[in-house]
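Structure, as structure tokens:
To keep things simple, chains are lettered A, B, C and D as they appear, and every chain counts its residues starting from 1.
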Amino acid sequence: MAHPGDLSALAGLIAAGTIRAGDVRAVIGKTEGNGGLNDFTRGFFTQSLMLLLARHTGEAPEALAARIPCVLSGGTEGALSPHYMVFAVARDRGGASGLALGSAFSPPTQAGEIGRVAQIEAVSAAVRAAMADAGIARAEDVALVQVKAPCALAPGPEARSGDPRMLMALSRAAAAFGAGIAIGDIAPEAGTEAALLRDVQHFSSRVSISSGIEVTCNEVVVIGRAAGWTPGITAGVAPMRDLLDLDGVIAACRAAGLEASPAVADRSRVLGVIAKGEPDKAGHIRGARHTMLGDTDIDAQRHLRGALGAIVAAVTGDGQVFVSGGAEHQGPPGGGLVCIFARE
Amino acid sequence: MAHPGDLSALAGLIAAGTIRAGDVRAVIGKTEGNGGLNDFTRGFFTQSLMLLLARHTGEAPEALAARIPCVLSGGTEGALSPHYMVFAVARDRGGASGLALGSAFSPPTQAGEIGRVAQIEAVSAAVRAAMADAGIARAEDVALVQVKAPCALAPGPEARSGDPRMLMALSRAAAAFGAGIAIGDIAPEAGTEAALLRDVQHFSSRVSISSGIEVTCNEVVVIGRAAGWTPGITAGVAPMRDLLDLDGVIAACRAAGLEASPAVADRSRVLGVIAKGEPDKAGHIRGARHTMLGDTDIDAQRHLRGALGAIVAAVTGDGQVFVSGGAEHQGPPGGGLVCIFARE
Amino acid sequence: MAHPGDLSALAGLIAAGTIRAGDVRAVIGKTEGNGGLNDFTRGFFTQSLMLLLARHTGEAPEALAARIPCVLSGGTEGALSPHYMVFAVARDRGGASGLALGSAFSPPTQAGEIGRVAQIEAVSAAVRAAMADAGIARAEDVALVQVKAPCALAPGPEARSGDPRMLMALSRAAAAFGAGIAIGDIAPEAGTEAALLRDVQHFSSRVSISSGIEVTCNEVVVIGRAAGWTPGITAGVAPMRDLLDLDGVIAACRAAGLEASPAVADRSRVLGVIAKGEPDKAGHIRGARHTMLGDTDIDAQRHLRGALGAIVAAVTGDGQVFVSGGAEHQGPPGGGLVCIFARE
Amino acid sequence: MAHPGDLSALAGLIAAGTIRAGDVRAVIGKTEGNGGLNDFTRGFFTQSLMLLLARHTGEAPEALAARIPCVLSGGTEGALSPHYMVFAVARDRGGASGLALGSAFSPPTQAGEIGRVAQIEAVSAAVRAAMADAGIARAEDVALVQVKAPCALAPGPEARSGDPRMLMALSRAAAAFGAGIAIGDIAPEAGTEAALLRDVQHFSSRVSISSGIEVTCNEVVVIGRAAGWTPGITAGVAPMRDLLDLDGVIAACRAAGLEASPAVADRSRVLGVIAKGEPDKAGHIRGARHTMLGDTDIDAQRHLRGALGAIVAAVTGDGQVFVSGGAEHQGPPGGGLVCIFARE
């Protein structure tokens, strides 16, 4: 991408017949904004993407946006590089077993449901629906659940918090619990309202959540292994214990079948990389004070993405890493997770 | 360090008799400012350090500042942690051979000499004097040359550039050439005025330069192996080919005698880490566009330090890494260097 | 505007029949980005605007962008408010004399012409063409010349500077000279290549220039008084001697026929406000040191806009002020200019 | 000030005998940091100030810091200029009536008292003590109460909030209520715990509060008119209704006896300027949306100071304005206050 409105690479693939516009099922991308409330690079990209697809499918941009999850994270700090991953599902696919993708949308979420048991349950149901859509039979076959969770810009008295940033964190936490319960990483009885953001021992290292005020329901994409899908692509996931957990990154590569010692030997096999993490809330990493949380000049999430992205990119050999903060209940506290898509 | 004026750790070591204030020969540290022109954490630290040493030695703070190089880099982005390394040389030292330290100051530098052959030669001479001070006999025994190079806040017509930031870069480049020539990494005839900042194929991976408007001459610290010094500490240096060169970081660890596969096995043996690097000037890392150079919100050096520091810290297992930008002719272009001090 | 892609206000006016999409001749607006090289809110707005107009006129967005100057400045620091001014010219207009608008585009500009006499002359010619387009007979009847001047992202050896930011400043300077000469504020013989950015005594307080890498020729809008235009709107312009020149702001209001003592008495008559300014390059305002030019955390232009915008807004009583930095030869050095559009 | 550690101007006045170091009773200053949690320019200035005074008085720096309130605000955005005001009280003063200064410190504040009625009452008592110290007999003779209020970096369960930033706001609010009650601007019965930050209709336009984690009790300075003080200096205070309230700034000037139409006619009579303000919490100023509260790149207080400072400086003709955010219950909500010290 030359800029956040530059879809020329996808346009070229569509023009060449490599991808059919109608086959696009989800997009996950990283734009070069600040990643915060006032990051408009996400909206610019989404508008440009939907215009491109609309031109080729004949559908209205609004209709496309309502059925194609477009998960964007702003912020390409340090070694990171703006990019997007297009998940397209060919209609004539087939095979014994391969990497499968399914999606589902919960009913519209009321502001009063965000960060409450209602949202946990709605996300669990949507994850199960997405698994069914993909044909993934067993929870252990799920590689990654990606959720876009809703928020409210001006939360009213019915909301659990009047602060949009806190409500966003609660929404991510509830979605992480919902997804974690659906795939068996979190015990169902742990999913209480009080547990959100507090019981950090409950987490899943296979769920990645983003939330935004422009989202009005829980949009779920599930990726995993299922029968009837074309072989050739695999996904590997591993937790990161803390921000410096190089072994965790390498473990994710190996889980995706890649040789890494420590850098990935064959970069051309890497198709996409997703990482979640957070600045350690106690303010220390392995006993050394970090300064991410108290910096008035650079947002803590920008610090985090620059550091986490560089470590992951040093292993995969490429700055095109989808790195996102806000890792509540997504991987170990103070750590996070890495997911690698690779050619087999 | 709890803050840039917090010298309590050193005060404790002096009070306990572990370090004698009079033995302190150099300090290299990282403070939590923005690392730019308006970073006053460096001045705050220096004032606090010299007050502490003055209290114990009886010397005036100004006299101490004139004989003890205090090299500070602002900016602890991402995983980095504020810290300082104190280099003290005991008077009763002795031994067959060990890590040695020497220092030297060039005569006061005129603004018109900065970034010119006069500075290259002055630094070369100072490096040779510092080697002699340390008793380092051979250029190949030098592990690292650290230079504080001068600049001018309001350069006049005699200066090579009227822009203080450009003059700082020229000063670093001239000092890198001077040091690189003195230790045999750069051919003497390559050291012309025109070569500075232009002939990027000339570099040394054993020199680390900082420049500042508060510096009035070339202050040189040389660290290497020499006879007559107590054994027990070693230094390893390696170049980084680019920002993602994980193998380069590991090579530096191994050069310091540390097992690293990929993370350092015994973190307690790591005494100090220095890294230099720069955002690739062509705007790409291994073919992927980075956004460090065109960001109006975050300075390119802050991006660089967050990324480089995280990669080095992931290997050494500790955010206490002295990471500094401005790596002109210090390591390969677009890359840099890593130096590790370790217990043997 | 709720965000940089929000054109709902203009869509409403078009839907209500208040404005005909085909009558839109120019748009000048302020979006909430950082105002720097990586500000994509301008592109997002432009894409959204042209989509809206395309839907109503049937023209392609690209064709609309090629004939409707859309001058955007990013950055709504402090009291500033995101907004846009739409200049529409009704086909059935008429009257004795009123505020007129004309536009013109120079031929495509080569990179080697930027910041050189060729650009000065091209802008002068375009300003004269735009005056003719508007029917403005005399130079003294021009209220304001607004120019979008070209730049090059990767200037080659033929360019006057290889640094895109410097080339942007040179482009603004050349355009200011060209426009100033065309309207008689600058003597033609002063317009030499060497004078640009250097001879600060040459300026016009009636020209406002922006430059950008996305611009490929000099796009000129001239506003002034001419026969045959509907009366009812007026424009007032005044220079600001320095950043704190409150009297200059008030003078512009009075020149637009508004009572201001010091705040404008009838805010409802204010239709639009344009201000240009720059941080004093000597680093002082009336003898007091400012810190805008050496701040690593906040770009100098963001400092400038926040301060200048607040002063103008305090007089006009409204944060919807188009404030733009880069005021080379546009108003007195260290100062700038203010232009107010008002109902008579 | 050339930098935050530059006390050379005061040193010169002491050396010249103009000020006696022992007469210094309070310092209020503005340093060029970011004004946030990680702004160390305040500590650097304080260390440098106390060293200077210690050298001349023979007292220990710590003892001086414990008896001389040093109120600093970081952030010189836009037109603002780093500076400090020294309040010295000559021992041989005398006269019929003049501007008086008194100070008082509350007992050490427990974390559990911050933002509670205990703090309100402690501040009220300290204000009364400071009035007595100054000899100010009537509440209406108080021009300004300046308070440094305590906070806790790691608030425990006894604290009203575990978030240090929220606790700082609560501390400022409680101190504003305490001071406002003591000088009769707020009814005593309004001062409940629940009212803090909520009942915005209660405020005083004569109190200015800062809070910080380095402060351990409520430090109060009261300035006003009293018998027995040398005439010649006066203070004027006025509220600002909102951020653009130019008339409020002018009113403060006139209250200090200055002619202002709108800029102050005789700048040489202005001795010092203090302004407090806050970004409107509803996100609008006179109906126009501002973007200060949702900006990830620039802190809201930095936006605010740049805008407010420029408006005040445009009237007083000088960027040396002490502008501080965090104006809870200090002036009207969304607005603030201005206080001008001037020669009569």
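As a convention for this text, a contact is a pair of C-beta atoms (placed from the backbone, for glycine too) under 8 Å apart; a residue touches a chain by one contact, two chains touch by 3 or more.
Molecules present, by chain and UniProt name: A, B, C, D = Cyclic amide hydrolase.
Bear in mind that the values here come from a model prediction, so they are computed numbers and not experimental data.
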Contacts common to subunit A and subunit C (chain labels): B, D
Chain pair, B-C or C-D, that carries the greater number of C-beta contacts: C-D
Centre-of-Cα separation between subunit C and subunit B, whole angstrom: 46
Interchain centroid distance [CA atoms averaged], subunit C/subunit D, Å: 39
Overlap residues in subunit A, where contacts from two or more other chains coincide: 32, 34, 38, 291, 297, 302
Partner subunit A, residues of subunit C touching it in the complex: 3-5, 32-33, 38, 40-41, 43-44, 47-48, 51, 297
Touching residues on subunit B, where the partner in the complex is subunit C: 34-39, 291, 294-297, 299, 302
Residues of subunit A touching subunit B in the complex: 1-2, 32, 34, 76-83, 243-247, 250, 262-263, 285-286, 288-292, 297-298, 302-304, 306-311, 313-315, 317-320
